[in-house]
Amino acid sequence: MYLDPDKRVDLATAASHVRDASLVALGGALTSRLPMALVRELIRQGRRDLHVVGSAHGMDVDLLVAAGAVAVCEESYVGFEQDLGLAPAYRRAAEGGTITVKESCCVTILTQLRAAEMGLPFLPVRGIKGTDMRRLHPEYAEITCPFTGELLVAVPPLIPDFALIHAPLGDQFGNLFLEQPYVLDERFAGASRSVIATVDQIVPTDTLAERGVTIPGYFVQAVVEVPFGAHPASSYPNYAYDRQHMSRYVTAASTPDSAEAYLAEWVHLPGGEDDYRAKLGPEPLARLTSWSQSVDQWKGLFV
Amino acid sequence: MSGYTFDEWFVVRLAHTITDREVVFHGFASPCAQVAMHVAKRSHAPDMMLIEGAMYAINPTPAFIPPTSNDNSLKQGAAYSMRFEEFFDAAIRGDVDRMFVSGGQIDVYGNTNVTAVGPLERPKVKLGGGGGGCNISATIRQLTLWTTRHRSGRTVVAECDFITDLGHRTPAGTRAELGYTGGGPQWLVSELGVFDYDADGRMRLRETWPDVSIEQVRAATGFEFAIAGDVHSVAAPTEAEVALVRAIDSLEVRRGEFDSRELEREFEFTTTPAR
Amino acid sequence: MYLDPDKRVDLATAASHVRDASLVALGGALTSRLPMALVRELIRQGRRDLHVVGSAHGMDVDLLVAAGAVAVCEESYVGFEQDLGLAPAYRRAAEGGTITVKESCCVTILTQLRAAEMGLPFLPVRGIKGTDMRRLHPEYAEITCPFTGELLVAVPPLIPDFALIHAPLGDQFGNLFLEQPYVLDERFAGASRSVIATVDQIVPTDTLAERGVTIPGYFVQAVVEVPFGAHPASSYPNYAYDRQHMSRYVTAASTPDSAEAYLAEWVHLPGGEDDYRAKLGPEPLARLTSWSQSVDQWKGLFV
Amino acid sequence: MSGYTFDEWFVVRLAHTITDREVVFHGFASPCAQVAMHVAKRSHAPDMMLIEGAMYAINPTPAFIPPTSNDNSLKQGAAYSMRFEEFFDAAIRGDVDRMFVSGGQIDVYGNTNVTAVGPLERPKVKLGGGGGGCNISATIRQLTLWTTRHRSGRTVVAECDFITDLGHRTPAGTRAELGYTGGGPQWLVSELGVFDYDADGRMRLRETWPDVSIEQVRAATGFEFAIAGDVHSVAAPTEAEVALVRAIDSLEVRRGEFDSRELEREFEFTTTPAR
């Protein structure tokens, strides 16, 4: 439990808590609330051998893999859905054997996080038996129900060293407001040793409490105000996801050389996130915040 | 409205795998299933409970379908969104009636592979992964499978290289032997035909598209399949249904699932419009 | 799952779903959101042999016991705290052996409800081993962790036939808005075969959604509008608990005869809840809704 | 402010079992512990995390303490209230540092009975029950026990008729043997004395109230207890602390825990007020 009354730090300090080979849970999912500013900063700091876990992810994992920061990937999905397709760097690394794929499934990850939250040494799951998931997870075991005799799979607790979570709003205590879907972020907070959070905006606690605290500050070790810290993912109610930028990334990531060029152009910037936002430009960013003006405006972001 | 395209018909056929008062879920990266659910909800299944994919929103009325599954536009009009764990708990305890499942490979028993083609250690193609499908395919009451890539010859195969989601039986045994309460795949809707499953859990041709011959289906399928005694043509969509598809999916996100060849398949309404 | 678009019924119909010997979870706790109107109606309908489960409860359980409606009590606590003391009818029945006490503890009940929600045949718990709780629960078993060798207690799922829940607001679909603490009400909703709900007020779904849906309507089989349906417990933000009435009840319940007299006077009313509210009188009830006017007003309710 | 009553001192002594930066919880029906936590938070332990009993509210600043533990007045000023399961998960995984526990019976090892006095099947007195104490007494880091009924002779006993909450050892073994990570009872504050626990987990007199003799403590206790080498008087409360008790608990809910005899115990401030 983190009881300091002020957790505000800068992004470099926040990211520096994460060490090489840390077990890192990534908040959000797919195109929503990905902790992209932290991902970019970890790459800037040259972090290696990360073991990443989570549900269905996309550019956060792919960018870390492209930068050579990942050793083990235990997400349930990494990709860009039907729209932009397979995750190029992740696919290349998995096929080339340069990362270890320990793909998992949502209920299994959820159950392992629940075991961590409850301080239990195992929990049972169904639904793996008979599939090939067990081939990826020799660490699971079997357990027999003492009441029914049913054979179930036992999974150990999953205790991430760090959960990296982006929220639209937070306060100095690290209290975070999220919009639905929370995905696994609440469970990550309860199961992890530490939450490192970025927020688009830090507001007074009273203001935050009116909106509702989704993740309480006592789980949070450090909080950083990073406007557009989830870009190009969305951070509603502040901004929609930037489909054009993601598409640009997916194209770039399709070869090692162009992926390297993307990293040089968009990540390894001397001024970090300030430079990143400057490079994106205020008008394109303002456009992403315009989603609530009308249905046509919103829809227009995705054409 | 003079005619319609195959993607529209396909979505309508998928919608008809839903019966009213079912609790229905689609995963992410599934625009055809997603649009089909909204079509069903607004036509023949008004009292179904529609769980909107990666938003876990209950019965939303989105103004459009965006190209990603977890955009906030998809929860508009929903009074409630489930927590992640609330949905998955409902699915594993058996309170979800139907899920839509696809896969890079689909075998004769309806097992699907969304993990990797080729040897696991050095796959030929690393697919995206199964998301939440694996565990919950064991307990959800019925599954509707679909694929838009049957014609490739690489999708509907004798054996999956990796079983991510459960069909009617795997090398480890049948659902009954594994102790699973879910009924497994009920339908496979592909761009070449509509299949159900026989008592042994094997895929069986049940409905045909008018522009696809049974020989074409056989040529694209990695195993021998039976043909149901009552095999018949897929029922044509109504104008109202096609209009619904177009209204719900005005960005035509569904079309991203199809090869251009399939998108060129066009059909005419054969009966005089009632209006 | 209950998918009907209109679950509104009258109180008698709602209560009639509950059968003799049903396993019934009681929502709320202590002096907050107890489903008192349903409790009174079950007594009016002469329900017997109920098996009640829950966390820390008070007048709801005691009144059911006083009326002879309970066979088994599996709450973690039944009483009136330091203020009004032990639960008179419950104590008398437990000491006289006319009810079976299967007292439990919160984490155990929570874990059993979670097993039900997850459709699992057992879950492990710690913290019972070494206490005398096992003497009350021969149905538990032992289980050894396949990873650590630790011996844990295995508990079976707890699937109430009915959860009786009172909420300040609901809509016709059975969506319910609750204020914190939700206690076990969310878990009861997920674990039970059916939720029977009373609400102080039924409002349009849009209005409810703005306040927030705590328990979704698909768990709810029947919803009844019963103003002051939790009285003498509280139903914030609508009304505080009626300490004077509870005190009056505790005094009455101290002997079988006076308990009988309380039931005759306050429960067995020909007009049911309408008569109950009329008997309480509009001014005393209005006083309970005045808590938000000032701290002194609020505090004054408890002097 | 010329003096103070025993209930005020008792609450202040309970407050001093809390050290700063602890995560601290009281159960329901525990006004002395509840008031003590608010006193600690507003005096020597400003950075403790105060979990408000049956509200699970974090660091609330209630204007008064009501006579029940789950009135909304107790969450005023809290930005966040834990869900029920969130608190209990924190407690069972070892993230809660201290809990206050009382009991109708408390034995030499600090086991407590809040279930039933007498034989379980036909108890002499059916107590209210343990609420959530049982499971979490195994894993919370430290326990502060308290009782206001030591003098009765029926409360601090050699053996509990029923063990609801765990002390340092039960007939089934020590905490280490049972595999429990919580440290067990650290303090027992009674109206007759303040006790800690020796290396064997046995209760030991550590502090005395000035108006209670050791003989009186012995007479009221159901077993022989050791006396710590550094036994000393309970430190007197400061005027500020007593003022805090009165301000926080203006309804004097805490006094409901005491026999009238204890409430008559009065003390004078012995030092000249600093102000």
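Order of writing sets the labels: A, B, C and D. Residues in every chain begin at 1.
As a convention for this text, contacts are C-beta pairs under 8 Å (C-beta built on N, C-alpha and C of every residue); 3 or more make two chains touch, one makes a residue touch a chain.
Small disclaimer: the values here were computed from a predicted structure and weren't measured.
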| message | Tell me which has more C-beta contacts between its two chains, B-C or C-D. | response | C-D
| said: Centroid of chain B to centroid of chain C, CA atoms only: how many Å? | reply: 42
| request: Calculate how many whole Å lie between the centre of chain B and the centre of chain D, each centre taken as the average of the chain's C-alpha atoms. | output: 59
| query | Per the centroid of Cα atoms for each chain, what is the distance between chain C and chain D, given in Å? | reply | 28
| field | Intercentroid distance (Cα basis), chain C paired with chain A, Å | value | 40
| query | What are the residue numbers in chain D that touch two or more other chains? | reply | 92, 139
| query | Which chain C residues touch at least two other chains? | reply | 119-120, 126, 150
| request: By the touch definition up top, name every chain pair that qualifies. | output: A-B, A-C, A-D, B-C, C-D
| said: Under the stated contact criterion, what part of chain B meets chain C in this complex? | reply: 21, 23, 47-49, 58, 79-80, 82, 86, 89-90, 92-95, 139
| remark: The chain A residues in contact with chain D across the complex are 1, 3-5, 116-120, 171, 173, 175, 190, 205-206, 208-209, 213, 216-218
| request: Give every residue of chain D touching chain C within the complex, in rising order. | output: 28-31, 54-57, 63-64, 66-73, 75, 81, 83-85, 88, 91-92, 115-116, 120-139, 162-166, 170, 172-173, 178-180, 250-251, 253, 256-257
| note | Touching chain A in the complex, chain C uses residues 119-124, 126, 141-143, 145-148, 150, 152, 154, 156
| query | Where on chain C does chain D make contact in their complex? | reply | 29-32, 55-56, 75-79, 81-83, 86-87, 90-91, 94-97, 101, 103, 105-108, 110, 114, 125-133, 135-136, 150-151, 179-184, 186-187, 234, 236-237, 240-241, 243, 291, 295, 298-299, 302-303
